[in-house]
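The first chain written gets the first letter, and so on, giving A, B and C; residue counts start at 1 in each chain.
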Amino acid sequence: MNEEASENVAAESSVMTPSSPSRLPARGRVGILSLILTESAFFSIFVAAYAFYIGKSAAGPFPRDVLRVPVFNTVCLLSSSITIVLAVRALKSGSVRSFGLWWLLTLGLGLEFMIGTVFEWHRLIYQRGFTIATNLFGTTYYSLVGLHALHVTVGLLAILFVFVMAVLGHVDESQAERTDILSWYWHFVDAVWVVVFLTVYVVGR
Amino acid sequence: MAGIEQELVLVPPESDLSLPFLGKLHGWVTTVDHKRLGLMYIGGGLFFLVVAGLQAMTIRLQLVMPNAGIVPPQVFNRLLTMHGTAMVFLVGMPILTGFFNYLVPLMIGARDLAFPRLNAFGFWLWFFGALLLYFSYLGGDGLYGAGSAPDVGWFAYAPLTERAFSRGTSTDYWILSILLTTVGSTATAINLVATIISMRCEGMSLNKMPILVWMALVVSFLMMTALPPLSAAQVMLLLDRYFGAHFFDTQAGGSAVLWQHFFWIFGHPEVYILVLPAFGFASEIIPVFSRKVIFGYHVMVTATIAIGLISLSVWAHHMFAVGMTPAGNAFFATSTMLVAVPTGIKIFNWLGTIWGGKLRFRTPMLFSLAFLFQFLIAGLTGIMLAVAPWNWQLTDTYFVVAHFHYVLVGAIVFMIFAAIYYWFPKATGRMLNERLGTWHFWLFLIGFHLTFDTLHFAGLMGMPRRIYTYQPGRGLDTFNQIATLGAFFQAFAVLLLVINIVRSLRSGEPAGNDPWDAWTLEWTTTSPPPEYNFATPPEVRSRRPLWDLKHPEDPDWQYE
Amino acid sequence: MFAGRTAFRRLLILATLADWGMRSGLALANDWGMGAANDKIPPNNIFTPVADPANQISSLAFFVLGVTGAIFLVVGGLLLYSIMRFRARADDQGREPAQIYGSTPIEFAWTTVPILIVFALILTTVRTIYDVQAAPKPDGAINVRVIGHQWWWEFQYPDFNITTANELHIPLSDPRNPTPTFLQLVSVDVAHSFWVPRLAGKTDLIPNKLNTMWIDPHQSGTFLGQCAEFCGTEHALMMFRVVVESRERWNRWIAAQREAATQDPSTMRGRQVFESNACINCHTIRGTIARGKFGPDLTHLMSRETIAAGVATNNLQHLKVWLKDPDDMKPGALMPAMNLGDQDVDALVAYLATLR
């Protein structure tokens, strides 16, 4: 009975095709969206802790005393979202050189953000003596901003890897889908920065 | 209908029959095949079921009488922590995701999961996390000092877990091992979602997926939203313990209640992550052994999604005694009672499936029927616990212990057993012995009820949980004796299962493709399936493709 | 070995042997007199409350029990019926039953009815929540501050300047002129939970958080309480007693507790031992130089029925065991063994015995 069944099934699909590409979303896209959902849940707990402890530190320093609004860093990071879109678009239309330039610019802008953060933390820790152990503000500030910086670093490493692959000539139009998926991760990192920025430098100050 | 031709020659998985042992081992260690990984998850989970079960036996021996003196309090507190932690993360999660791993591609006509290497990565993360957790017994002072195994309860409330009150590394083992297993589970969730959304075979719209696959989808979403809060809280605790942070450091103004909120934001959806797969098993097994289609497919799916969503809003019903405002307590009592509605509806739908059917009482069905009764009771004691004022008496007592074991054992473990008996033939090509299965069922049923029915009353009589002993003259002695007796029955029953599995692997009755006369896609391929699952990707027209083929005069797609 | 008819008999014998083994074999461990002491107190059945809010909780519980019991009988009955009625008979091989895919009216009905039931439960629940948590505090209320420690209870009466431990005395409340006891709950270390089942539901003691609860007792007697939040090694033995007594007796108790410690010259030796050892770092005895706050106040130690937070009855023999090594009674207790010689211990016990 079951040989019959399998034969019937086989007869109905006379051509051996995987599920037609236009019918269902690509698994890479679903995967990256799922990852973004997961990471959002992860970040939201740190944001919640930050918000919960606003104003609750027993002793200073307080946000107003030590925080400088990182305008330039933010502009760089958010611009890198634009440059990465341009890079992917260039790759989709086949101009690998153009892609390489925009991609490098993205990397540079992201690096600037990281360097800026490093300098800021150096100032806070060594000049102001403000650390994760200082008070509740310190605890929540360093963990939230640090977690974001960690995600930026991972993103930069991935972008660097793709850049090296491009220099070695392995990146072309056929890789456009994958670089687009990677760019979604990068957009996510930028979106998280918007939330962190608002929470720490606007609401919390 | 038993007109299936039995194949006397079994199709071995791949051609490794002639390989030496190391070759076979290498095959398993390096596999990315969802079926092998699924079996590894299930096998690993069953191993820890026995380990954590022995820990439970020790707990019950210690509590059989007042001041029994079998283990000192420090060892007992490690036992209860390890039992709980292992059962949730090293038994429940791997077995249930292992079944999803195995079944989902087969049920949707796919060849593997979306990301096979990620699948393997997730498994080995889980594996090392499990080893790390139990390695804790050897760490610290080593075995002599009963090691450094976690002893802070499986939900590790702050500030007991802070450096000041938890010196030594027991809490760190808890954090690190669970971080590992959780990342593995999250990877599996992402994998399952991508598979289900992107890799269904021709004709299988979301509307035509087996209910088990819907459960996998909803469970995966829950995992993606609920597991990260646990990891986040654990990272925060790690920062407190090692970098001087103050997230939960009450001495510096931190909040112990914040830990509870974060933990239960994970913890409550977690129990739905554990129970929804059991619902999936029930929704596949009960129809086949009632010979009827599942009653109300749309409602079942909608109810599942509703449960998933509402379950994200009920977490503080674990915290009614913490001192929230009346409004807070009222909100969570309300949301908790609301989630009972879609849950109850599912029981009615299973009842509707059985009604008018032709029930066959094979082992998978025995476990499923017991599941229905026991889950009903568990749901009702859950409603009692949702009533916040009554919760103030019941919380942190053996009533809660009895309630959640009713869900975890009475519903989930019973359905895991059902699933094992049901799909073992598909995975191995051999049937499990029906006689041993029946003995397993009845002994486990008796033991389960002896233990957990009784413990409800211990709670009502004032016995708190997590106590290594209790005093005489409190009226608790008899309840505890009966509960301990039940544990022996359960242990023996599980032993029978282990014997059954070992014997049947070697000399079980050959199963053929479709021993149960079932209707979903996994039964169209061989037992065990070839590595590629399907020679040609199937095409379906209804929710029960095999029913359509077996009943061409009355196919499903004419009705729904 | 376990097949067939003799199987059940064999299993029964095995089970009985196991039971005997469990009951007799294991060491008849010392219960430090608590078995006899507890026997005098009725068990902590939450359905036999003697105070508000335990009364309100119990009433609500009976209502919920009734509703859920009815649901169980109906649904369970239907399940049982269907299992028996719809068994496959031997005579109808091969024919499948009618495939019913669903029924909108039935599904509508069994969605609506549960929603209505849940609605009723929610209303009664919310009302009781507010009745208990938002109860106004009458003028005659007694104020008590409960401070949780690992693993004992500190009770302060701020209006009377009294500090005691592990035994809470509160006055009987007259419904015509209620004098409930309002408790503030704090912790100095980890989370604990205050639970006296026959008097009230439990409320947690969370460090860095102030919780409040109240008890309005309507029957006098002694009631058992216990910590109900896992708090470390000796969570299991962090017990307390609540003594509800008539107003007159309670007033006398208050007056006695306010007195400084008895000074009996015949026990001078013991007092010297106490004051010259580390005892004073942890314990307070009012009227002496001992002002420690880490451990229980011992000023009126002998007025309490138990020691070590309900672990042993309070007599000289048990005191001696405790002093020699607390781990013998309560392994992991934070009080160290003071390594005193036998003579010192005897003197100390004689001194403590005067602290009535």
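Simple rule for what comes next: a residue touches a chain if its C-beta (ideal position, glycine included) is under 8 Å from a C-beta of that chain, and two chains touch if they have at least 3 such contacts.
Model, not experiment: these values are computed from the prediction.
S.K.: So which chain is the furthest away from subunit C, centre to centre on CA atoms?
M.R.: Most remote chain from subunit C, centroid-wise, comes out as A.
S.K.: Counting C-beta pairs in contact, which chain pair has more, B-C or A-B?
M.R.: Of B-C and A-B, it is B-C that has more C-beta pairs in contact.
S.K.: Distance between subunit A and subunit C based on Cα centroids, please, to the nearest Å.
M.R.: Subunit A and subunit C have C-alpha centres separated by 51 Å.
S.K.: CA centre of subunit A versus CA centre of subunit B: separation in Å?
M.R.: Whole-Å distance between the two chain centres: 33.
S.K.: What residues in subunit B touch two or more of the other chains?
M.R.: Residue numbers touching two or more other chains: 253-255.
S.K.: Considering subunit C alone, which of its residues make contact with at least two other chains?
M.R.: In subunit C, no residue touches at least two other chains, as defined above.
S.K.: Can you list the subunit B residues touching subunit A in their complex?
M.R.: The contact residues of subunit B facing subunit A are 3-5, 114-115, 186, 189-191, 193-195, 197-202, 220-221, 224-229, 231-233, 235-236, 239, 243-247, 252-255, 258, 262, 265, 512-514, 523-525, 535-539, 545-546, 549-550.
S.K.: Across the complex, what residues on subunit C touch subunit B?
M.R.: Listed in rising order, the residues of subunit C that touch subunit B are 2, 15, 18-19, 22-23, 26-27, 29-31, 34-39, 41, 43-47, 53-54, 56-57, 60-61, 64-65, 68, 71-72, 75-76, 78-79, 82-83, 86-89, 92-94, 96-103, 106-107, 110-111, 114-115, 118, 121-122, 125-126, 128-130, 132-134, 150, 185, 189-191, 193, 195, 197, 200-204, 206-209, 211-212, 224, 226-237, 239, 310, 331-332.
S.K.: Which of the residues in subunit B come into contact with subunit C in the complex?
M.R.: 1, 61, 64-70, 72-74, 77, 152-153, 157-160, 165, 250-251, 253-257, 290-293, 295-299, 321-323, 325-326, 329-330, 333-334, 337-338, 340-341, 344-345, 347-349, 351-352, 354-361, 369, 372-373, 376-377, 380-381, 383-384, 386-397, 439, 460-462, 464-475, 481, 484-485, 488, 551, 554, 556, 559-560
S.K.: Please name which positions on subunit A make contact with subunit B in the complex.
M.R.: For this pair, the touching residues of subunit A are 1-6, 8-10, 12-13, 16-20, 24-28, 30-31, 34-35, 37-39, 41-42, 45-46, 48-49, 52, 56-58, 131-133, 135-136, 138-140, 142-143.
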